[in-house]
Amino acid sequence: MKNITAPSAVAKNTATLLITCPDRKGIVAAIADFLFQHNANILHADQHQDAENNLFLMRVEWDLAGFSFDPAHFSQHFAEVSKRFNMEWQLKLSQKPLRVAIMVSQYDHCLADLLHRHKNGELVCDIPLIISNHRDTEALAKFYGVDFQYIPVTKDNKAEAEAQQFALFAKYEIDLIVLARYMQILSPDFVARFPKKIINIHHSFLPAFIGARPYHRAFERGVKLIGATSHYVSEVLDEGPIIEQGIDRISHRDQVEDLIQKGRDLERVVLSKAVRWHIESRILLYANKTVIFD
Amino acid sequence: MKNITAPSAVAKNTATLLITCPDRKGIVAAIADFLFQHNANILHADQHQDAENNLFLMRVEWDLAGFSFDPAHFSQHFAEVSKRFNMEWQLKLSQKPLRVAIMVSQYDHCLADLLHRHKNGELVCDIPLIISNHRDTEALAKFYGVDFQYIPVTKDNKAEAEAQQFALFAKYEIDLIVLARYMQILSPDFVARFPKKIINIHHSFLPAFIGARPYHRAFERGVKLIGATSHYVSEVLDEGPIIEQGIDRISHRDQVEDLIQKGRDLERVVLSKAVRWHIESRILLYANKTVIFD
Amino acid sequence: MKNITAPSAVAKNTATLLITCPDRKGIVAAIADFLFQHNANILHADQHQDAENNLFLMRVEWDLAGFSFDPAHFSQHFAEVSKRFNMEWQLKLSQKPLRVAIMVSQYDHCLADLLHRHKNGELVCDIPLIISNHRDTEALAKFYGVDFQYIPVTKDNKAEAEAQQFALFAKYEIDLIVLARYMQILSPDFVARFPKKIINIHHSFLPAFIGARPYHRAFERGVKLIGATSHYVSEVLDEGPIIEQGIDRISHRDQVEDLIQKGRDLERVVLSKAVRWHIESRILLYANKTVIFD
Amino acid sequence: MKNITAPSAVAKNTATLLITCPDRKGIVAAIADFLFQHNANILHADQHQDAENNLFLMRVEWDLAGFSFDPAHFSQHFAEVSKRFNMEWQLKLSQKPLRVAIMVSQYDHCLADLLHRHKNGELVCDIPLIISNHRDTEALAKFYGVDFQYIPVTKDNKAEAEAQQFALFAKYEIDLIVLARYMQILSPDFVARFPKKIINIHHSFLPAFIGARPYHRAFERGVKLIGATSHYVSEVLDEGPIIEQGIDRISHRDQVEDLIQKGRDLERVVLSKAVRWHIESRILLYANKTVIFD
């Protein structure tokens, strides 16, 4: 299978810095000066100020060609600036793609979509692992050359099943877990182990229709638009920070099955955007919200 | 002020029949045959079957030129067919436009929009009355030549205020009451007096953010889309049958004021569509839902 | 691989009748009476009148359980009505699904999407054949169990290549040809052989950017929205009847590659809707336009 | 008439700097350092790099409270930086709102919309002048307290009419001319006098349906979406830089009048956004395109 990957994605050798700190004068000057002093060729820079929370948030990406030091030593070089402004920061190198695990149950539309986008170069990451509590998607995983691990989950074996999952995440050095219509509720322990590292797709326009069977409830309520929401998973069900939402129009002619069908298109697009933005370091979290530097 | 009215709207002399009945074979044949026997020139016909509730719903509009009897006597001519199929029906004549009252508080964007659309011939109805608990929109009402009645409402005078309102509705022979950002909650008595005759605009994507300050709550939740919903008013707040919904995209750059501003555009469009569909007899209600024959 | 097919799609045993004729009084009465006399249980009926062209267009679908005659003899039973109103009509039985061939070049996103939807029961048709002028999609075809025929096309062999294609269409008894980003222009002879039976996806919002490289030209023009259009193929390039269109918002931050990427999502959805509507007999053609009975 | 103006808009005392220059290292550092040295409290900053044209574009807005010098002397203070990087720049002070003239013919929906938004504080500018070649909108202008000038235009008097218009623009010190469905083609001389200072609304999705009667042509072509485009006026008709576009869905049920009616809602929103972005200094022009810093 030939990969029709965008050459830019392949050739790219960049660093992306995400910063959050209390807002005050001089931050941009300090960062821009630091990068200029070290001969960074800035490709993209975007920033956001949240007045209510007095926060400064920034994303800056630069070409590593000509940069004056090895980015492996970024921490020590950036220490003075980051301490001065009390920054939280993370650095992402394009040549070290994130490692992503996908968890899925029987509905395979999101999984098939993510794998196809990955093959086509749209999602620049590694996807070494698929975990499912059913065998339905095994052939699909095999077709795309991804390891498939079947871990059935029942009321009784949930803790062991999750222990197996944790072991696999460790073994495969997973950075991000994507719940691509995985129909099991994660334990609080699971969620606590991977803060800001689990992305879920919920098949409604949150906060409408939190919980089970949202399309059925949307149909009963007689709404004129249905939605889908991708979000980070946090302790409270469907209450984590929203990354992206999409909607589609429905009419009285649409039955529940039509809502489900139209919803699949939303889920695909809304989940894949969240994954892409995460692996490209475009998301910053604050106050249970997301900033998307697109 | 010259009216740039669509000539078709002016010249039109049609009858529109809305029908609801239990679904069974032969309904369409009976209606179509009835209309054909009386030489009706059908302009539009649309129907819907709700399998779950075993309901048949239909809208048919025909030109009255050449129709074989005076539509004032429709009831007696149609009696046999309507009894045979146990129909509920209503007939609307284009030459007898509905009479609409608008209730408004201080925000005037929906009111200004409705009045402008009315002047331009987009809303073919009479608007003889505006009621407000503030004086802010009096000049606007006057500009468009509509009677303006100022009825302040407090906790203590609510019953009297509503009594005044009822008297005005009677005097002006009002068929439809539009709440164009009227910021008072109607009493159960008010709602019960005008079933399926009060249309409200709620500034959220229902059922998300029911109740007060929806834009503020949408901002706090960090949603990526905001919405507006027009609906019939029923006993339970914001739970009536939804007529239309719209959404707009927001980002982290949008503050609460931006949501409010973007929301105004949604509210205008979503409310005006509901009013237009109602006055053109395009809406049928069943099971707390609407069928829109557009 | 387990098929998660909607049970309704499987169990269905219905007939769908599409009718076009000059508009005059009594058509609906005649059709409804005919169906009632033969004990048809109507599931859906929709009609449209085009005043400008004096045309009546209708789609009616009924359950064949209890229908009074074998639909194989529909033509003779319906002859009197169809002659009286000078009707063109076609009957589609749900138990005889259309046979669809997909033609594709190197970009495989539309193909992968169609095959996945088919597997999931969203497209109720047979897909026995994929033809490509490249080998890139052979593995994908094999995965979904569809015959793959590699027919390279050059300036010199075009006529022979098309002759091979025609032979395959005949052998596989193809009813509909879908060009899923097939990057060869069909000969006039090809187009003439399959009137209203070839569906193409064009990657722009037609009639803007007719012809080659539409995303590049959209980028150069600085548009704020990009689009995709599915349409029937007719003699003149990109001028055939439009079936569906979709758009997505872009900004100055989007480069040509971003347009191409966003466009892929549009193309998938817009093409799959056209195919679904065609195989469900929801499309009627007149005056180089389509009526979509959705 | 009470103005419900957002308090922030009233109280605001900010400077907004727009910069375009050849891209090279150190620009952001230089600007950020300049602002930091002069004690600017940055409220918003956004930048864009166009790799193809090697351009750097930036918008930065800061609070003038505490700024170290009178912005009237900005030019001399900023001279060193702006020369070093060969910058084109413009400074806009929130306390000196732009002065806008609106030109209109008979359709008044865009005019009514702009005036209403202005009254409500959504458009922070002065609107001292309305020019029309018809008298239809005179009452509306009067209602909002704006001077109305009636200047009829014929084939023969066009030059004199434009001379009158120029005199009015000078007298009223107009900064921006908005063509709110003004149905006369401006002379090349007119266009050349006000480069980047005339905003038009075209009632199609450009570049589709350039020129006259776009809704009629969209109807004939059978498109499934209609659009509207706001753009700066340049020498070639409908070819100027696009600022914003919007679309709405139509179906076979929509006649030309329905397209026109739906289009009005698009035109209103799309034109008002362009005007707002212009008066808030959010638009930069390059290569016949716009960057919108929203």
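Going by the order they are written in, the chains are A, B, C and D; count residues from 1 in each one.
Assume contacts are C-beta pairs under 8 Å (C-beta built on N, C-alpha and C of every residue); 3 or more make two chains touch, one makes a residue touch a chain.
Given the structure is predicted, the values throughout are model-derived calculations rather than measurements.
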Most distant chain from subunit A by Cα centroid: B
For the copies subunit C and subunit D, give the interface type as same if over half of its residue numbers appear on both sides, and as different if under half do. same
If I superpose subunit A onto subunit C using their CA atoms, what angle of rotation comes out, to the nearest 5 degrees? 180
Quick check: how many Å separate the C-alpha centres of subunit B and subunit C? 37
Can you give the whole-Å distance between the Cα centres of subunit A and subunit B? 42
Pull out every residue in subunit A that's touching 2 or more other chains. 253
Can you tell me which positions in subunit A touch subunit C when the two form their complex? 1-2, 4, 6, 8, 106-109, 112, 116, 120, 122, 136, 139-140, 143, 253, 257, 261, 264-265, 269, 294
In the complex, go through subunit D and note every residue touching subunit A. 25-26, 28-29, 32-33, 35-36, 39-47, 49, 249
The answer for subunit A against subunit B in the complex is residues 48, 50-51, 205-209, 221-225, 227, 241-247, 251-253, 255, 287-292
